[in-house]
Amino acid sequence: MRSKFIKEEIRYTGEQLHSLFAYDNFGVTGDSIIAFIGAYDVSLKEIVDLEDLKASKRLVSPKMLHFIAEHFDVDLEKAILRQYLLIMIIKELLNEKMANLKVTRQGTDLQDNDAKLAISTATASPVSSLVYVGVNIVSQADSSVKTKGLADYTIDPVVFATEVMDRYTKEIERVSQARCRIRWVE
Amino acid sequence: MRSKFIKEEIRYTGEQLHSLFAYDNFGVTGDSIIAFIGAYDVSLKEIVDLEDLKASKRLVSPKMLHFIAEHFDVDLEKAILRQYLLIMIIKELLNEKMANLKVTRQGTDLQDNDAKLAISTATASPVSSLVYVGVNIVSQADSSVKTKGLADYTIDPVVFATEVMDRYTKEIERVSQARCRIRWVE
Amino acid sequence: MRSKFIKEEIRYTGEQLHSLFAYDNFGVTGDSIIAFIGAYDVSLKEIVDLEDLKASKRLVSPKMLHFIAEHFDVDLEKAILRQYLLIMIIKELLNEKMANLKVTRQGTDLQDNDAKLAISTATASPVSSLVYVGVNIVSQADSSVKTKGLADYTIDPVVFATEVMDRYTKEIERVSQARCRIRWVE
Amino acid sequence: MRSKFIKEEIRYTGEQLHSLFAYDNFGVTGDSIIAFIGAYDVSLKEIVDLEDLKASKRLVSPKMLHFIAEHFDVDLEKAILRQYLLIMIIKELLNEKMANLKVTRQGTDLQDNDAKLAISTATASPVSSLVYVGVNIVSQADSSVKTKGLADYTIDPVVFATEVMDRYTKEIERVSQARCRIRWVE
Amino acid sequence: MRSKFIKEEIRYTGEQLHSLFAYDNFGVTGDSIIAFIGAYDVSLKEIVDLEDLKASKRLVSPKMLHFIAEHFDVDLEKAILRQYLLIMIIKELLNEKMANLKVTRQGTDLQDNDAKLAISTATASPVSSLVYVGVNIVSQADSSVKTKGLADYTIDPVVFATEVMDRYTKEIERVSQARCRIRWVE
Amino acid sequence: MRSKFIKEEIRYTGEQLHSLFAYDNFGVTGDSIIAFIGAYDVSLKEIVDLEDLKASKRLVSPKMLHFIAEHFDVDLEKAILRQYLLIMIIKELLNEKMANLKVTRQGTDLQDNDAKLAISTATASPVSSLVYVGVNIVSQADSSVKTKGLADYTIDPVVFATEVMDRYTKEIERVSQARCRIRWVE
């Protein structure tokens, strides 16, 4: 499993969440997780979770840290389980860094009290499954949704991105290895 | 997804980790998680993770809280991803209860500093996949492995078991529902 | 598994047979079967079974009872087996109501002697599999294809729709439950 | 898909319901359905549906017509859907032969009023999935369960077996062919 | 598994490599391999292997022998393994015909020393998996890539196509049959 | 994918062809191919291909080069396609070494004219799929089956084993990589 921090700023519009995005644009081959920084501006037609679409949960953020993981199997349930793994790793790391339990999980989103800190989604293409997580960097004073961001905790997003990708990569590799040394039962 | 706390004490020998155990013994049908209390005494021949077997990680514990989840699909990788979900839920709940970050995760085990608190494993039968988690209730003064248990934190194992099963059940149901409302991407 | 009778009249053009139609339009989540009444007017480009397309089996009907079942697994063969289950349930119910063997099955269509009574198809999207059954309500005097409809048997389509959906739902749930209590064999 | 009527009488003990039985004993290769006549005497340890086991539904019959279908995919849900297809084909044929609606279906069993006529089950091995249907030939006057058999309707079991296998084979082939000519949808 | 040599000349533009092409255009049903002769002129947007796309490996050939195999399962890895089988069969047949080891394999392409003789690719649609092999008939004196073709070896492309399809069909059938007579192991 | 030549001599009895053999005995983790030298003496009850069993194709050989490949997916058809890949790689290498076309393929066995040179089989366990290839080292003058071995061609079995494993590993890795860079088609 490969990981790569993309240095150029990319406006996340939802169109990035499709098969082979990492390979096609950044030469990252195989199962992968990439991260990049940029605004978040997903139009309704790019929202993959129809619940969010119905709720018209159209979020806009001037600066977020984006993660896209792609795995070359086509199992949406597995994709959602990996989404949980990634969001829980991010929560663990945030709380470790702040040495407290500030960050809580609401399903597959992260909060700091009632302020939204990170959102996530999972989907599938005909050749792969995809996980997206967006972590706020700056909080938006004027937004209808209360938010917090990495900047509020003076966490450097680039360093943080690398740590998250390292941990996710390591855990996914543990999953792969465990799969190959487990005895079946009756 | 069903859950059930089994009131009778059961010595966990590893033989419980097989297909249809919950249905066969306690009438629990479908995808399920059950919990029970009892000693932990798994013989080498019942160890499913061959790494543990090689390390001769034969643990004995006089009193543990045991969880067995069974899902009727046959995908070992998915089983391991659910093992992560369950162990992370247990970690979250322990830290919330103690309002600190004492409990840390080492892969799919839980620790309190250098003391072992919970272990877990996943496997598959020809009709289902299975997750096991064992949480120490009493710590063992005389053991070669340093341990901590729920009793050290004055956490009631029966209440705790119910909370864990509720959360796991709720998250697994969220996974199922999410699966049925997500648009695919190109 | 959910079911819902949609009261508004909907012209079935084939475009309804796509993933998440029931969720997107009627808030029906998860595996589901919905029914509605309306004309049948499927253009050639919406026909999914290419055999029908080749035969230019373009049917038009002023009033039909339409069923769409969606299951969130992606196995076309399973979809076709469920198509058989649904069409056989409809046949059983029709014959029971009329207390005779009038309705016969030709593969996955239903006939009353040489008059066409119901047609069906199955297909898959990248996230789900889909079954469609259309049952004539009114027969068409002027059509090139001889037809019969529920009105000819004075069967109320709304009541009938509900009974069909109840039976299908019940059988699919029996399938799910059976799956979780069957011992594997060598 | 192959079919074969086995002329020798075989006592059905449940041990026949395992992978490669038809190939190993009768040289029938590939997906197949076989039929044979003999007593039905399944010991508790060979019962695959644990619900029947719990109900101690141990049936004994002096003479039954047995069907075993084997398909070389490993999907228990698909096996159960094929079980429905086979039992519904048998029901259709029986009612056609008697030109009435005498035979009714209770899930995956067949009845003539309150008399049991046919039972069925499905299971999976690690290389295939299996369907079993047993149709009574003679009814048992002294049994605790009221039964009816083919002899009561003066239906010849050998002819009947061949007709059932022909229909099942034909429908399964229709499923295979349909699978290969259906356009996917969005 | 069906095979068919299509007599009409078809310009291969890459658009032919999609689901149900053989059924839709030539009435070939089920798993199949077809062959036809024509120019090779694949635009960049039709290239399925993104590595080739990145390398801008846009080949043009005035006359090639094209093979398209379609299998109705959706497993890209299996498709690539079948691509290996087909290319290796073609290599074996060429060397047998020339009674030497002239033709060598570079991954999934064939060469005669440094001249390109055949190229191949595999992909998947939402209902099937597809293999393409193109074998040069005429070599191009003026091309930047050195090529050889069947004409250089005085091999008749129509006869050759039939032999390749016969061998591929036979081997795929052997695979199917082997699948249905193999005992599983612990 | 890992490979390992096992230096100790092992009598191949068929019992080696089971899940996790390489991990359990030689610490080889994940998808792997191992090779070792030893007698071939497979009892009837260990034969996995029932066709061989029916033909009582019980072979005995004093010295063979054995290959066992294990892949952690459970798809027998894929296992057989990998068996083809491995046997074809072995054939290619043998002919390259001898610079002629002496070695021919009969399905998944290799011959030198009418002398048997290599045999192969594939099977599946509930957690993995397995390929076995046995290449004769010494030919048996007194055997009923005419054989040839690597010694007849003065090919060093250890060097040969390493070359075969290198090529197989490389091709399997190409398959994995190709899978992750291929665009799907409609």
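Observations
When the chains are written out, they are named A, B, C, D, E and F in that same order, and each has its own residue count from 1.
Methods note: contacts are C-beta pairs under 8 Å (C-beta built on N, C-alpha and C of every residue); 3 or more make two chains touch, one makes a residue touch a chain.
All figures in this text were calculated on a predicted structure; none of them were measured in a lab.
Path length between subunit A and subunit E in the touching-chain graph (shortest route): 1. Listed here as common contacts of subunit B and subunit C: A, D. In a homomeric contact, the two copies may use the same or different surfaces; for subunit C and subunit D, over half of the interface residue numbers are shared, pointing to the same surface.
Among the other chains, the CA centroid farthest from that of subunit E is the one of B. Spacing of subunit B relative to subunit E, judged by their CA centroids, is 50 angstrom. Per-chain Cα centroids separate subunit C from subunit E by 40 Å.
Taking each chain's centre as the average of its CA atoms, subunit A and subunit B sit 26 Å apart. Residues of subunit C found to touch two or more other chains are 19-20, 23, 50, 72, 74, 76, 124-127, 176, 179, 181-184. Chain-to-chain contact here is organised irregularly, matching neither a line nor a ring nor a star, and falling short of all pairs touching.
All chain pairs that touch, listed by label, are A-B, A-C, A-E, A-F, B-C, B-D, B-F, C-D, C-E, D-E, D-F, E-F. Subunit E makes touch with subunit C in their complex at residues 20, 23-24, 27, 72, 74, 126-127.
Considering their complex, residues 17-19, 47-51, 75-78, 80-82, 84-85, 88, 92, 95-96, 99-101, 105, 107-108, 121-126, 130, 171, 174-176, 178-179, 181-186 of subunit F touch subunit E. Residues 19-20, 23, 29-31, 72, 125-128, 176-177, 179-184 of subunit D are the ones that touch subunit E when the two sit in their complex. Those residues of subunit B lying in contact with subunit F across their complex are 50, 54, 74, 76, 124-126.
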